[in-house]
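Presented sequentially are two complexes of chain A, the first with chain B as partner and the second with chain C.
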Partner chain A sequence: MSMEDAIMNDMTQIDQGVAVDELKMQARNVDVFYGAGGGTRSAEDMAADKAITHAIKHVDVDIADKTVTSFIGPSGCGKSTFLRVLNRMNDTIDGCRMTGDVTLEGENIYDSKVDPVQLRAKVGMVFQKPNPFPKSIFDNVAYGPRIHGLARNKADLAEIVEKSLRRAAIWDEVKDRLDAPGTGLSGGQQQRLCIARAVATSPEVLLMDEPCSALDPIATAQVEELIDDLRSRFSVVIVTHSMQQAARVSQKTAFFHLGELVEFDDTDKIFTNPSDPRTESYITGRIG
Partner chain B sequence: MLWILITLLALGALGFVLGRQRAVASAGGDARILHSLPVYYGTNVTLLTLVPALLVLGVWLMAQPIVIDRVISAQLPDSYVAEAASRDLLMTEIRRLADGIDTAVERGAFNGRHALDLSVGDDIRQQLADAGVALGADVSPEVLQAAQSFREMSGAGRTWMTVAVFALAVAGLAYAYLRTNKDLRARNRVEYMILGVLMLASTLAILTTVGIVLSMLWDTRNFFQLYPWQDFFFGLEWRPSFEGNSELGLIPLLWGTLYISFIALLVAVPIGLFAAIFMAEYATKRVRSVAKPLIEVLAGIPTIVYGLFALITVGPMLRDYFAAPLGLGNSSSSVMTAGIVMGIMLIPFVSSLSDDIINAVPQSLRDGSYGLGATQSETVKQVVLPAALPGIVGAVLLAASRAIGETMIVVLGAGAAARLDLNPFEAMTTVTVKIVGQLTGDTDFSSPEALVAFALGLTLFVITLGLNIFALYIVRKYREQYE
Partner chain C sequence: MTDMPISTAPKRSLFAADARTVRRNRAERRFRAYGMAAVGVGILALIVLLVSILGNGLSSFRQTYVSFPIELTAERVDPDGNRDPGEMARVTTFGYLPLLATAFEAHLDAEGIETDMGVRELAAMLSEEAPAQIRGMVLANPDLVGQTIDAQILMGGRIDGFFKGRVTMESAERDRNVTPAQLELAQILADRGAVETRFNWDFITAPDASGSRPEAAGLGVAIIGSFYMMLVVLVLALPIGVAASIYLEEFAPKNRLTDLIEVNISNLAAVPSIVFGILGLAVFINFMEFNQSSPLVGGLVLTLMTLPTIIIATRASLRAVPPSIRQAALGLGASKTQSIFHHVLPLAAPGILTGTIIGLAQALGETAPLLLIGMVAFVREYPDLMSVHSNSFPLMGDGATALPVQVYSWTQRSDPAFVERASGAIIVLLVFLLCMNLIAILLRRRFERRW
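Showing the complex of A and B:
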């Protein structure tokens, strides 16, 4: 064993130690079905029904605190669907049913006691296409804090807005025009505005659904840098089509294929020494 | 007329068959060699036969009476015109006489020769009356002469028109037929001609609008020559009387119109908007597929039926349960009655348009809001409605212009008494009702009492046009945001 490998092994040990201690979210045996209608059919029953799409099959994932976890895989493999399981955004889709357990800090988020609306304040989300509201830049960022009553007064709100915009690395570009409409910004700026908006509710986990796919390389670099910064405060889960991006920004990588979680491990290991042949085929460009 | 059309159509059909045959023949019977499908060659010949001939026919039919009127009118001696009240009246008389003689000939009372030999001494009025044609006055020699030349010119015109139309049709057919060969780009030609026909249709629609406005402008100008415009626009009294000394103030009518429309919108906008929000945001697909058509049924009810509902049900109910106990009056016709019923009529306008607009708000905005932990109603109130607001305002303005133009519900619901009053349980009336009122019955179109209808109509038109333009402007501005 060479010196480098030994160090790598050590680091992996340390990383795993962190992951065990500061586990943020845990998904166990998650199945998601589309077109299931209402009712309380069991997972086996729905999986046998040909009319129902079985989008996610028995997926287990652990998401560690202060870590960037990336989901990669070909289109339609279920990675975005699984991301939306984590903040119950799938609840808003008709006929979408989910079975299994997902916990946030030990609490089952699909428990009937949990209010999905409250949950989404803790598990924020940034979407593929920048979607600023047709409001001013300030109001866009202040939206979450206002809804959840996070600010005591106006000055407090202004402070939250400034802090969020700074954290999203866009403050310097917009500080002189907070009253201008958010829709008037460039694509990259809009996406960072949306990140600021998500950060403003101080979530514990930040979900990002292909946040850079609508951006040019420069804006992508800015957002990636931002993701790396955000890791110091949140755990970030990012869905991406770009394997390079996953390699650049994440510490953990999950590879999805046809609704199954094929491999979930440290990013370095996935990209250098994948244990599943399908993962290797995908990252070397033979499938997907 | 009818046989001209039938013959033209027959020529067109003949052209189709001939053109098709010639095209196929020129390709030696193999349709694949042709530039276009055989049908296009036939259509090309048909269109070239029919379209120019029909256009000339249409223009000729419109132009001939105008030209003949001009000529005859110029022939009348000025001294004679001065005797009669006006040239227009005289022309009416001449036309009537000419038509009368024609009718008499048609019915066999006169033979053609006899009709040409008529003279004043023959007591034409009596002879025509025997043939079933009534004339207003005895016929003077000048009128008789003019009427005879009128008939002569009409007859000649009709003959020439027939000749010209058929010549053109045959020429078109021959030209198109001779040009037909396998290399002719018949498909492209047909395309051009169809484009022409479509453009003609839209031009006609626009010209009609312009024509309506111009005719209203003309009569409005006549009205303002007889009645001072200050008194019309600023008059507080509406008291028309056909003996003269009418007071024709716009204000009470405008007030009634706006008051009733305001109440109607007060009913229609909240109900329609909330219904639209429910349909677009909350309802499941199944509920929506049942409820939406049900709401839209309201738009299909004729306004007179709404009027009956106002007259028989809503009016007495409001009087017995609100107006009378509150001491606000005892009339069953009231602003409130008409306003509420009109509001019900407008609900589908608001809800259906708003529903479409709310649906057009991108789902990504809703996701963004839900993703931040907003509830459904917070999302609707703070994201969806502000994004849809310009479109919703457009919908409301369109509904408002419907309300302003409504007549039947007002007649039956609010009565016909022009009044300036704040009490919503009092009978009032609107501009549209008074337009109907001034033009029904025996009207003299040279009196201000009748002509005021045109001024009212034009005022209304300007108001609704303004509202529509404003609505369009807002809707267009909204579109720019998301496309």
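Showing the complex of A and C:
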């Protein structure tokens, strides 16, 4: 079976019934620089500086509501960086500067009045490397609901924790040892714990950076099911190196290459009839 | 193409070690031997130190007493006859001395022990501190007046030394403070069971005593001084150090100024401690006019000295917390403060604790800066712990001393009995240090189990 056929096969599984809803997030003319120091230099100025890494170059992306958007592209092309633009996690990186506009439901998230802490409660994130807290499994999942006051009482909290663990397809494995440290789980289990932790805060947009890279096919299928399930209420943005996965779970796909957004379109269009030759060579495995 | 070998070296058996492996193994064995030798030297030095200190100092925890009945005649201890402690206090220790001397002589007579020593020479066998002790007993309990009590009387330092093997008949010949006759009498008393060498709590609780009565000198006041200083250091250095470290490590922008501060803190840790003493003298005593040689000033000086240690240790343990933990918390919508207090600090706590206790231990053993601010006072009386008057309150009042300084001042005294005392004080100091390390270990265990 050739690559093309495999993708075509997967395409048929996509639930085409869900209408692509109105706009959730919008990014316009985003540039990201690493190693830029703390100054207020203009984007042109920094782009010309050889010492500064220009990780994202003039990227425009629209994230629709109740939609799964996938970012694909070769390693180092800026997928994670752009994901972090969407919840201002780049703010926490020293020397990382961003220019351009990003809005969430019409509000500029980079406005000086916006508290990134509040933003990140709405735009949750699952990191590329699993990073559970060195606390119990229960406390890992309960942390978000606790600090945001999402549970009225203990029973409530326990319910949120159980539901989140179930959705992340890890409940059966950990239900008997919720008091065991989260760091004692296997890599794949840790990743699903992190997914459960992010889901527990009920974000409006969930950013997932290669959530399945450490998972076996069964857990992968379960996480993909979760993503599909989340789509009924949230927007999901997923970074993945698996073309099949992008084809299976997402309705929109963005292809990044060397910091540029090469192509952004409906997933079936990208995988069946890409308009840019670079996209075509990437999805057929010729570059990457 | 693919099955071309990478190297064309001849095939060799795994059972025969090649020259390279042999050399490598030999180097490893050699390195291990060096390591073991280094550890051995360290342990040997420790053993020598412990043996010498314990050998010299353990005996200071035991003291020689002689027991005989004393009649507390009313006309001597209470000339006014009204049992009023205020009036009775007018009788000084010199009033009690004859009481003791005659009682001792009478006891010898009653026991049928022949001696041609006079009362004065007999009294010299007892500690100069003994009359003061009897006087204290009487003042504390006026009902004793007129009674005959069976008292255990502290014996003089030389007699004590005789029973501990420090003083011999030959050395007594040359000694102006003791005669062979006194030693012989002491031996006779000991044979009859009147002399007892027992554990001496006073060494730990009593205040210092003058140079001529080493047998009565204790560490009580020095321990109190050290305790108050440690309290000051803990209360000031821990919060200031941790707060400064958290700010510098987590919040401060990385720029020239913070770099400068960082370099300065590292340098401060290497500044000789005596410099802090000069600083304390200039700032706290001359400028701020705190009482000289008060535990407050000592504590402040030691705080300055300990801060860099705590800051460096705290920053190192904060830095050791993986950044992914901070990101995870921030990504969930926790504020920076929340991420630090919920996740980073608990993980860094064992390191912070270790740093703090090391700093405290260092401060506990520090002598030089305390000498400079005059904390080498000779304190014969207990400070009034309950008084709130600022000048006599042990924290603020002057005339305090501390453990290491007490060791120093005892080694300066001429009576050889103080060598034993100083070693004993070192043992106490070491025990305190051991306790602090134990606490550090226990706390660290607890924190680690709780993550």
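The working rule: the second predicted complex is superposed on the first by the 267 of 288 C-alpha atoms of A that agree within 3 Å, B and C clash if a C-alpha of one lies under 4 Å from a C-alpha of the other, contacts with A are read in each partner's own complex, and residues count from 1 in each chain.
FYI, contacts are C-beta pairs under 8 Å (C-beta built on N, C-alpha and C of every residue); 3 or more make two chains touch, one makes a residue touch a chain.
Computed from a predicted model, the values in this text were never measured in an experiment.
Have a look at chain B and chain C on chain A after the superposition and call it: clash or fit.
Once both complexes are aligned on chain A, chain B and chain C clash.
Contact-wise, after the overlay, does A:67 reach chain B, chain C, both or neither (first, second, both, neither)?
neither
According to the stated criteria, A:143 is in contact with first (chain B), second (chain C), both, or neither; which is it?
both
For A:131 in the superposed arrangement: first (chain B), second (chain C), both or neither?
After superposition on chain A, A:131 lies in contact with both partners, chain B and chain C.
So, A:94: does it touch chain B (first), chain C (second), both, or neither?
After superposing on A, A:94 lies in contact with both chain B and chain C.
Could you say whether A:201 touches chain B, chain C, both of them, or neither, answering first, second, both or neither?
In the superposed model, A:201 contacts both chain B and chain C.
Counting clashing C-alpha atoms after the superposition, which of 43-51, 97-105, 115-123 or 133-141 on chain C is the one that bumps into chain B?
Stretch clashing with the third chain: 43-51.
Would you mind listing the overlap between the chain B footprint and the chain C footprint on chain A?
Comparing the two interfaces on chain A, one with chain B and one with chain C, the shared residues are 87, 89, 92, 94, 117-122, 124-125, 127, 129, 131-135, 143-144, 147-148, 194, 197-198, 201.
Using the touch definition from the top, list the residues of chain A that touch chain B in their complex.
Against chain B, the touching part of chain A is residues 87, 89, 92, 94, 117-122, 124-127, 129, 131-135, 143-144, 147-148, 183, 194, 197-198, 201.
Considering the complex alone, what residue numbers of chain A touch chain C?
Within the complex, chain A contacts chain C at residues 38, 87, 89, 92, 94, 117-122, 124-125, 127, 129, 131-135, 143-144, 147-148, 181, 194, 197-198, 201.
Quick one: in the complex, what on chain C touches chain A?
Per the stated touch rule, the residues are 253-255, 322, 324-336, 338, 342-343, 347, 451.
With touch defined as at the start, can you tell me which chain B residues reach chain A in the complex?
Against chain A, the touching part of chain B is residues 284-285, 362, 364-375, 378, 382-383, 386-387, 481.
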